[in-house]
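Alright, structures below, take your time with them.
Consider the two complexes below, in which subunit A is the common component and subunit B and subunit C are the respective partners.
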Partner chain A sequence: MTRSKWLSWSGILIMLGLLLFAFIWHLSIGTKIIPIDELIQSFYAYNQDNFNHLIIQELRLPRALIAICVGACLAVSGALMQGVTRNPLADPGLLGMLTGAALGVVYWSTFVSSASLVWLPLVAAIGALISAIIVWSIASRVTGGITPLSLILSGSAFTAFTGALLAIHHLLDQHTFEEMRTWLVGSLLASNLATLYWCLPWIIIGLVAAIMLAPSVTALSMGEEVATGLGINIPRRKWQLLTCVVILTSVSVALAGPLGFIGLVIPHVVRFWVGADYRWIIPYCILLGAVYLLFVDTLARWLIQPHEIATGLITILIGAPLFIWLVKVRVR
Partner chain B sequence: MSLTNQQTALPISLTTHDLVVGYSMPVVKGVDLTIQPGKISILIGSNGCGKSTLLKCLARVLPPISGQVLLNGKAIHQQPAKKVAKMMALLPQGPIAPEGLSVKELVSQGRYPHQSFLKQWSKEDEQAVEQAMQQANVEMLADRSIADLSGGQRQRCWIAMVLAQQTDIILLDEPTTYLDLKVQVDLLNLLSDLAHQHQRTLVIVLHELNLAATYADHLIMMKEGKVYAQGTPDQVFNADNLQAVFGLTAKVMKDPDSDALLCIPMTQQSSQVAS
Partner chain C sequence: MHFTLRLFNQAISLRINGYALLCSAFLFSLLLATFLFATTQGSYPLSLHDSVMSLLGQQQSVIDPQTDVIIWEFRLPRSLVAILSGALFALSGALLQNMTRNPLSDPSLVGISQGAALAVVTLTILFPNYIDDWREIAAFLGAVSITIVIQLLRGNDHPLKFILLGVGVAAFISAIISSLLTYGDLPSAMAALSWLAGSTHNSNWHDVNMLCMAFILIISLTLYQARMMSVISLGDEVAIGLGINLKAIMLIQLTISVAAAAVATAVVGPLGFIGLLAPHLARKLVRCGPVNHLFLTALVGAILVLAADIIGKNLFAPTQLAAGSVTALIGAPLFAYLLMTKKT
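Right, the complex of A and B next:
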């Protein structure tokens, strides 16, 4: 463990360097490219009359911070789910949380209140939570209890069902659908710091809990019997981990809508480099998830400027080929 | 045999009291058992007789329907999971390591019950892992990936993980299944050494009758969820019991050199395999 420990710590430093680089790149690039010196200046000598300072501090900084948080949360919740369910395809989408959140938002804005955007993040989180509870309880009622297979089956059935409901809604009410695009594809366009402040305590709780629970996720990934033998109270630990996943996913959906593929791809990339021990996988996921979403969001704003592609589409456009490549190089 | 042990000088006791275990239906139906410390107890019986189910309940994988498993006089299912894991380890049947785990990382997982968030990797942990890898003879594989190893090597790595847990009791569910005979014998020699040289208490579920008779200090024969006979192989490993427990017509002989008992199935008779 000493040899790989040294490697792993230096890897963390490299990742932190990458994060800083991606952060600066994200701030400086966009419809208007802002030089680095002016960018740095806006932090220590903010000038309200300088238009570039305004762009950075008011528009791009909140967006970059949210990208960091959302990327980290989604990657970690995907990693936790893959470890606990021993299912390499598990991600927050598996529990139906992403479509569930989107459906919650669409129904809320159609039937309850289409005017108040204030409540939308909370509604998304509640939608994600309810979806997870439904999928989890269906899976636990199957004979044999919660197994990777029963979770996958009930999760995909629920996702297909909510997806169909969304499609029906789309056909009946095109107008609402156009307005709600952010909530359906995932985007960082509507980023504002107020939502981030509201979510930040939960993000910290979720990530700290994930780091603390990481050793037992490694044990669980070796099977429930092995984990029991190592002294883990399986039902209790599973509830703790599920709570952690729900918190992390809900805040992500609340901040950026349903961003697919991050929770699936990032843990695989991380495992490819650092192996199978979650003591390392979780911290790396936090950093790589953040770097990845910063990078993707920069592309989303930059590729077809002055327009912008929804970030959720780019995460999939880049994530899917990356995932296929991983499948190819990791074939057992 | 003296019970001096590097971890504790107290004799460990593991007993069951009128134990009933099962899934929707009881599979183990009222078992009273006393596991002998510092010895190898081997559970045998035909498929579905409840020997694995019994072991799973001893290991807390399954809760009892009624009755109790007592570890040092206290109900095991009521004790804190981590505390029990410092006294008793389990090697389940056919464990699968996650892809990409190295041998040393796998063995290190055995230290889980000795660690906490504040007390992470200590010198003690490092020593225990080194020692366990030495005992199981997998030191030279330390940096290899589990996936690249042969079945026998892999099983030795899992045994090393269980050893790193440094428990007095070790439960093993069919540790030799799917291995070559030579590898099976190597593994059982290793386990025998653990019990007789290092005073560990072993409870093993085994399929291979001749190996069970050779290596057991205490042989437990199960039939239809109950203990049919138990004792030293000399006491219980005979043609009548094999017929009753397995429905197997066989001759039992003694190897003149090693004194080990051997059973030789009769080929001409129609021997029925009990369900």
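Right, the complex of A and C next:
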């Protein structure tokens, strides 16, 4: 085993430790701080009459699990997009996929049915896919082709359009808006395990596919000529990757609403450590994304007790300055 | 079809395009017609005869006694606010596009509207007692400080970076606004929310006066700057070569543009895409010198916002859509179209 490989594996172990730490922190901190021994006790000796056990198992555990899944999914989809488009600013939120998926979910739960959770990930996926295709085709028609600038601009035009549609919908249908309001800024507040069960298969498919496709993302990130030279069927591989990105994005929207900038922040931090090899970037993104969202969600609950800030707002407040810095440094 | 107007021993000389003049006259009558249409529309429909008579002050020939109150208290200020704010947004966009030599600049895309919005929402939520007197000033200060921040960030880079940085700053500010909205008490949060949607719903005569003064000031300043505009659009080197103090002129024009957007935002809220659309449509109608172009742009902006207001009022009546939503619905696809057809 070479030295760098050894380093990478030990890094994974460190990240796993960090994840465990963040998980426990997330569970124990809140409006009521629960001591760690009682927290661990609630897992092996669950007592229904103990109020602390109830808080952990019924309220905080689902939320923590969802935070882990959503963080991992968004980070990986951001990393894949940045690799494939060779665009340091790619992020599911900036390209309109998050609002597209959110619009799909809002229309679905208004016009078709609000009760069924089965179709929710699929509806979000269709919304995300359609918006990805629209934004992509606008950007590819711009003179100069797909550049960071054209993608961001067409993404922001699309976001403005869907935002207006959402605003109109909100005016016409106050009831759904009340239900959806916290969800629309990106929040883990209303998380329940039933949605997670329906999303879990998709999450596993998406993440496994991402890990399997990672070597060819490395090749694609070096340019299409290199990838062709290495024997990759580019159009087919791109479609596979797009499907993967759409699955991951839409699942996270279905679970937590549009959480901006996670897909931008995490891959850049990861790349800072492990370099440009996507075989390592993807696993690190999964772990760091999970840790990051757990951390942010804990902050969101803890900063102004007994209220809580919507998680999506904090991710934007952290992510937007990084975006500005990237524009400054990485865009020609 | 050109003729030249020379006044005061050629101190002022204007080259006037006849076709553009015709276009302005046409747009002006279109604006007038839309305006009259707007006064008859609403939850209490009035006949055209009544509203015209009431506007002309001929109370004795008005049939419906309600007409005067409805026209003078509600519909007239509302329509005037729509017209004036549309013209201001359009002028701001035209200046900004000319200055950055970038057809995609718009006060709402580069963070000016968001800066004004942040200041006004902060004022509404945290200091609700001062909102009536200080709204315009706060909006202006907010817009100016965000513009300065973006300019400092941009440094000497490519003009297009201005837009990308604006997108980032806008995202950051919207997050702050949303957090403010979540933690303000309910009445002030609702007031801020309806303002944020960009609506002319609560217009009164105070707003009209404010906008009117701002419009007169700004249109005269822009017309005074119009000659410089055409020189600046030729490029930095050429402009300097022609003997223009580029930095000073840029600063003046940026200030005018920010002021126009800020005042309009303070009254109606952040209306998207008007500053982007109006100059383009005006240029599509007729290619002409900067003075004519500015007039046409202001007219087009006024018509657009007024029309958006009418559409928003009637589309899902009795629910009223904010004019801002309508302009975003029309503006965003057009922005995409411009993006696709733009030649670099």
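Following the convention adopted for this analysis, the second predicted complex is superposed on the first by the 255 of 332 C-alpha atoms of A that agree within 3 Å, B and C clash if a C-alpha of one lies under 4 Å from a C-alpha of the other, contacts with A are read in each partner's own complex, and residues count from 1 in each chain.
We take it that a contact is a pair of C-beta atoms (placed from the backbone, for glycine too) under 8 Å apart; a residue touches a chain by one contact, two chains touch by 3 or more.
As the structure is a computational prediction, the values presented were derived from the model and not from experiment.
In the superposed pair of complexes, A:Ile232 makes contact with subunit B only, with no contact to subunit C. When the two complexes are overlaid on their common chain A, residue A:Phe323 makes contact with subunit C while staying clear of subunit B. In the superposed model, A:Gly223 makes contact with subunit B only, not with subunit C. Within the superposed three-chain model, A:Val185 lies in touch with subunit C and out of touch with subunit B [touch as defined at top]. Comparing subunit B with subunit C, the partner in contact with more residues of subunit A is C.
With both structures placed on the common chain, the touch criterion links A:Gly163 to subunit C but leaves subunit B unconnected. Shared contact residues of subunit A with subunit B and subunit C: 332. Subunit B meets subunit A in the complex at residues 56, 59-61, 81-86, 88-92, 95-102, 104-106, 108-110, 112-113, 115, 117, 121, 126, 129, 143, 147, 162, 165, 171.
Residues 89, 94, 138, 141-144, 148-150, 152-154, 156-158, 160-161, 163-165, 167-168, 171-172, 185, 260-261, 304, 307, 309-310, 312-313, 316-317, 319-321, 323-324, 327-328, 331-332 of subunit A are the ones that touch subunit C when the two sit in their complex.
Residue ranges of subunit A in contact with subunit B, taken from their complex: 1-4, 83, 86, 212, 215-216, 218-219, 221-226, 228-233, 271-272, 275-277, 330, 332. Per the touch definition, subunit C reaches subunit A in the complex via residues 104, 109, 153, 157-158, 160-161, 163-165, 167-169, 171-172, 174-176, 178-179, 182-183, 197, 272-273, 316, 319-322, 324-326, 328-329, 331-333, 335-336, 339-340, 342-344.
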